[in-house]
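What follows is a set of structures for review.
Heads up, the next two complexes both have subunit A, just with different partners, subunit B and then subunit C.
For the complex of A and B:
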C-alpha cells in the first residue's frame, strides 16, 4: 500500500503540469485580455484611460508577450512558491486566496461530515426497514432534497430566520469578527454561523448518498454472507453494521474525490446568495475580469484538491475493502 | 391435525431416547401481492440425537424454507403460520424423563434465546461457501466472532480454537489460513472453513443446506466423508438437505421426501431406496442412473413439471403427475401421512384412505 501511495504522489506533478496548461489555455480562450475588460469597465463607469497608459500597463504585466512566455513566467513563479499578483486587486494572490481557501475547506469539510452523518444512517434505516412508513417518508424527503436548488433553500432559510427570529444569517462571521485575527472567540463565532451554509450545501448530497446507501445495502442484505452472519446468532443491528454496510458504503467513500471540487463550484451560487467569504465568488470575479493569474492559480488549487481527494478516497477504499489492494498495487 | 410419528419410529434407536428436534405440522407461508405461497404446508419429522436426516425433493419443494424455519431465518414476507418446532437441548434426560422442550416457533426471531440457539446449538452449513463468508473480513475473524458469541473466551483463546477447528476439518497450515480472506481460498477449502465455523461452538444439530451442490464431485466426496467423520466424533445430529439422491444414500440414516411443501414419505434410508412406497419417491428413484442402467438410453424422468407455487393442485399435490392417481379421490382430498410399514409413513391413497385433517 505504501508503494501505491508513493506512486500516486509521484504522479501528482505530472498531473498538475497538464492541469496548468489546460487551465491557462482555457483562461486565455476568451477574446481580449485583462486590460480590455479593465478598459471596458472604466468606460462603463464614465472614465477613460489613454492609449499610452494602456500600452505601458500591458508591457508591465507582460501581456504583450506570446502566450507561452506568459505561461512560462506564471509556472516559473509558482514553482518558486510565488502565486503571483492579482491584476485587478493589485495584491498578492496568496493574500487573496489564503483565508478564503481555509474557510472554504472548513465549510466543505463540515458539509461533507453533515452529509455522511445524516445520509448513511438514513440509508441504513431505509434499507433494513424497506417499504416501512419512515422509508417512504425518507424517500419523499430525499427527492425533495435532490430537486431543490440549494441557493433556493438558502433563500428560504434566510427568509425564515429573518422573518421568525429576526436574525440575519448571511456570511460566516459576525461583523466584529470579520477582519479580526484568528482567536478562539472567532472560531466560536464561525461555528455559530457555519451550520446554515453547511446544511444548505449538504442537503442535495445527503439525499443522493442516502439513496445510494439504501440501494447498495438492499443488494448486500440478500447476500448469503449476511444470512450466514445471522445464522451465527449475531444480533441484527450488529451484523448489518459490520458486514453489509461496510460493502454498501464503499461507493460513498469513492465520491470523496470529487466532493471538494464539486462543492467549490456548486457552492458558488450559495456563496453569492449568502455572501460567504469562500473562494467561489473570488474565482467568478477573476474569470469575469480576466484576472488570469488569480483565476489560473485558483483553478490549479482546485485540481490539486481533486487529485488529493481521489488519493484519500482510494486509500480509504483499500482500508475498507481488502480485495482492492491486490488489484491496484 | 399434524401427523405424529409412530412410537416405533421414535424409539427405533433406543427405548428411552427422544428426538432432539421435532417438527410438527410446520406451516410457513409467504404473503405476496399475488396471493399466498404455502411454501411449507404441514411438515412433520423428527431428528434423533446423533442421526443424519436427509430431506430430499426437487427445487421449490420447500426444503430450504423448512431449514430456514428451524433456524428462524425466514425473512418477510414469509412467516411461520402454524405448527411447532420442538427442540430438546437434553433429549436423553438425566433422570430418564427427558429434558425440557423449547418451541422455537414461539421464540422471538432476533431475541436473545433464539440467537443463543442459532449458531450455538443449531448451526447452519450454507449452500454457497463462496458467498457465505464476508469478503471484507478474514475467515479467522468470522470464525472467532462465532466462537466468542457463544462461548466466554478471550480473543486469543478463540483464535487458538479457530485454528484447531480449521485443522480438524483438514485445512492445511491453519495458522496462516486463519488470516486469509475467503476469496484467497479454493472452493473446497472454503467449504471446509464454513464447516469449521459451523462446528466452532459444538452445535447439537447441524443444518446442511445442499452443502455440496456448488463444489466438484471429488471435493464433494471428501466433504461428505468429513461431515460423517465429524458427526461421529461430536455426536451431533445433521439435517442434510439436498436434491441429490446419491448424496442422500451416502450420508443419511433416515430420509424425508418432500413435494410442494408437504412430506410425501418418510423412512429409514434402506427402505426408501429399496422399498419406496409413494409414486413420487418411485419416480425420483427411477430417474437416477445406476450400474445396471442401460447405456445410451434416455433416463426416465418424473412426468410433467412442478406446478406454479401460487396454483397448487387440489387434493394430493402430486396427483397431476402421478401415474397411479385415482380419479375422484386424489384430485379432491389430501392424503394424510400414515404408517404403511412400521417405520415408513406415506401420504398416498394407494395405501390407506385417511384424509388429512379428518
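For the complex of A and C:
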C-alpha cells in the first residue's frame, strides 16, 4: 500500500514533464504567435502598429527565440513559481488566474456536493423500489440529464428565470461586490448566486452517479449477507443503509478524483454562457488571442489537477474497499 | 415482434438441429425492449435526414433575407373553426413597431396555407447524384407555393427547419466518423494489447493511462483553436473529427482488451489452437464474432458523446464555423440570454441534440443488455 503510493508519487514529476510538453506543444500549434494575432486584431479595429515596435515586443517577450529556448524559459520560470506574464492583459498570470481559480474550485466543490446529495438518495430509492413508478420517472430523468448539454440547460434556466421572475441570473456576484475585497457580505452574495451554476453543472453527473448507485445497490441487495441481515430481523431501511449502501456508494466516493476534474472541464462551457468569473472564459479568450503562456499555464493546471485527482481516487479505492488488492500497479 | 412461430409451409423443411446465430439471439432479446425499438426508429429517421437533408428541407438553408428575420415558428394545425381539416399553417405578417422600431410578426388567421406533400422547390441532387426538385413538404398551392417557417427563422431570416436538416448531416456524421476512427484505433491497439500481452500490452496501457489523464475539454479547445482560420470547411470538418477521435479511442481499447484477455482463456479458443488454426483465423473467425455485439453496443454509446462534444466546440466558436451548418453552429445564435429572450425558438436545435443523444443512449443500453447472454 505504502509502496504503491510512493511509486505513484515518484511518477508525478515525470507525468508533469510530459504534460508541460503537451501543453506547450498545444499552445505553439496555431500558426503565427500572439503578436501576429494582436496585429490582426488592431488592423481589424482600424489602427496599425509600427513594425519596429512589433519587433521590440517580440524580443521583449522572447518570441524570436527558438521553440526549445521558449519552452525552457517557461518551465524554468514555472519551477520557480513564476507563472509568467499574460501578453494580452500585461499582468502577471498568477494575478489573473488566482481568484478565478479559487472561484472555479468553490463552484466545482458545490456542484460535487449537490451531485452526491441528490444522486445517492435517488439511487438508493430506485434500487430498493425497483420497477416502481418513481423508479421509471427517475430513470427517464437520468437519461434526459445525460443527454442535455449543460450550456443548453443554463440557457433555458436563465431564460425561465428572466421570463417568469424577471431576474437576470448571470455571474457569481452582484455588481457592488464584483471587485470588492473578501468579506462575509461578499461570501453571502456569492452563495446567493452560486446555486444555479451549481445545479447546471451537476445535473449530468447526478444522472450518471444515480445510475451507478442504483446498479451497485441492486447487485448488493441480492447477496447472501443482505438476506442474512434480513433473517436476523433487522428493520429493512436500517439494513439497507447499514450494509449494502455502504458497499454500493464506495466506488462513487472513490471516483471523486476522476469526477472532480471532469466537472472542472464541464464548467468551462457553462461559465462562458453564464459569464461567470471563473477560469473558463479566461482560457477561451487566451486560446483565441494566442496568449500562449496564460493558456499553457491554465491547461497545465488542469492536467495537474486531473493527475492528482486520479491518484486520490486510486488511494481512496483501496482505503474504502479493503477487498481490492494492489497487484503490480 | 419476438414471435418466432414458423409458417406451416416451412414446417416440412424443419431442420433436425436448430442453429440460431448469436446475432439473431441478440436481436430477439433486443426487440423485447420496447423503448429501445422506438429509439431505433428515431435513429433511423434521423439518419435518413442526415442522408438526404435536401429532401426534408423546405427552403434553401443558406438564403438570407434580413426582411424575414426572427419570424416565430408557424405551427402546423389540423383544427380550424372546430373542424378537423387538412393540415395547414396560418400566414404571418410583419409590422414594424413604431415605438421600438422592432419587427413584430402577427398571425393572419385569414390566410390559410395548406400543407402539400412532395411539392416542387429548389433544385438539388439527391445523394449528390440524382437531379430533382421534389421536397417532403411545402405550403400554399401548386401554382403559388409559399414558404412557411414551421420552426421560425434566425437572425438572417434563414429557415430554421431546413438548416436543422442540413445540420443533422454534419453533426451526426462527425459523431459517426469520429467514433469510426476511434473504433479502428481502439480495436487494433486494444486487440494487440490483449492478444499479445507482455511489453506491448504494457506500453499501450501506459499510453492509454496518459491519454485518459488528460482533461479532454481544455485540450480539445486548445487543439481546435489551433486550426487555421483560413482553412476551408471540409478541412476543418476532418480536423475536428480527428481531434475528437484522438482522445476518444482509449475507452474502446480498454474494453476490447478486456474481452480479448477473458476470451483467450476460453475453452473454444484453446480448442481452436489445438486443432492448429492460424492466429488470424482464431482472432477473426472465433474471437471477433463473440464480442462483436459488445463492440456495436459500445460504439452506439460513444456516438452521442461525440455529438455532444462537437456541439460544445461549435457552440464556443471553435468547432465547425459558418457557413458550415451543424447543430452547434446553429446554437451559437442563441449564445446569450438576450437572443434567447428575443427568439426562444433559436434553442430548438438543442432539443434535436437532446432527442438524438437520448435515442442513441437508450438504443446503446438496449443493445448492450441484449448482447449479454447472462443478463435477464
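Following the convention adopted for this analysis, the second predicted complex is superposed on the first by the 312 of 329 C-alpha atoms of A that agree within 3 Å, B and C clash if a C-alpha of one lies under 4 Å from a C-alpha of the other, contacts with A are read in each partner's own complex, and residues count from 1 in each chain.
In this section, a contact is a pair of C-beta atoms (placed from the backbone, for glycine too) under 8 Å apart; a residue touches a chain by one contact, two chains touch by 3 or more.
Fair warning: this is a prediction, and the values are worked out from it, not measured in the lab.
**Student:** Give one of first, second, both or neither to describe whether A:310 is in contact with subunit B, with subunit C, with both, or with none.
**Tutor:** After superposition on chain A, A:310 lies in contact with subunit C alone.
**Student:** Quick one: classify A:48 as touching subunit B (first), subunit C (second), both or neither.
**Tutor:** A:48 sits against neither subunit B nor subunit C.
**Student:** Using the touch definition from the top, say if A:132 reaches subunit B (first), subunit C (second), both or neither.
**Tutor:** So A:132 meets neither subunit B nor subunit C here.
**Student:** Who does A:233 touch here: subunit B (first), subunit C (second), both, or neither?
**Tutor:** It touches subunit B, and subunit C stays clear.
**Student:** Let me test your reading of the model: by the given contact rule, A:59 touches which partner, first (subunit B), second (subunit C), both or neither?
**Tutor:** neither
**Student:** Could you let me know whether more residues of subunit A are touched by subunit B or by subunit C?
**Tutor:** C
**Student:** Is A:192 contacted by the first partner subunit B, the second partner subunit C, both or neither?
**Tutor:** A:192: touches no partner chain.
**Student:** Would you sort A:183 into first (subunit B), second (subunit C), both or neither based on which partner it touches?
**Tutor:** A:183 sits against neither subunit B nor subunit C.
**Student:** Given the touch rule stated above, what does A:143 touch, subunit B (first), subunit C (second), both, or neither?
**Tutor:** Once the two structures are laid over each other on A, A:143 reaches subunit C alone.
**Student:** Where on subunit B is subunit A touching in the complex?
**Tutor:** Residues 71, 73, 110, 115-120, 123-124, 126-128, 131-137, 142, 145-146, 149-150, 181, 183, 194, 197.
**Student:** Spell out the part of subunit C that touches subunit A in their complex, as residue ranges.
**Tutor:** Within the complex, subunit C contacts subunit A at residues 210, 213-219, 221-223, 225-228, 304, 308, 311-312, 315-318, 331, 334-337, 340-341, 344, 347, 350, 353-355, 357-358, 361-362.
**Student:** Give every residue of subunit A touching subunit B within the complex, in rising order.
**Tutor:** 223-225, 227-236, 243, 246-247, 320-323
**Student:** For the complex, which residues does subunit A have touching subunit C?
**Tutor:** Against subunit C, the touching part of subunit A is residues 15, 18-19, 22, 26-27, 29-31, 143-144, 146-149, 151-152, 155-156, 158-159, 162-163, 168, 170, 261-262, 264-266, 268-269, 272-273, 283-284, 287-288, 295, 298-299, 302-303, 305-307, 310.
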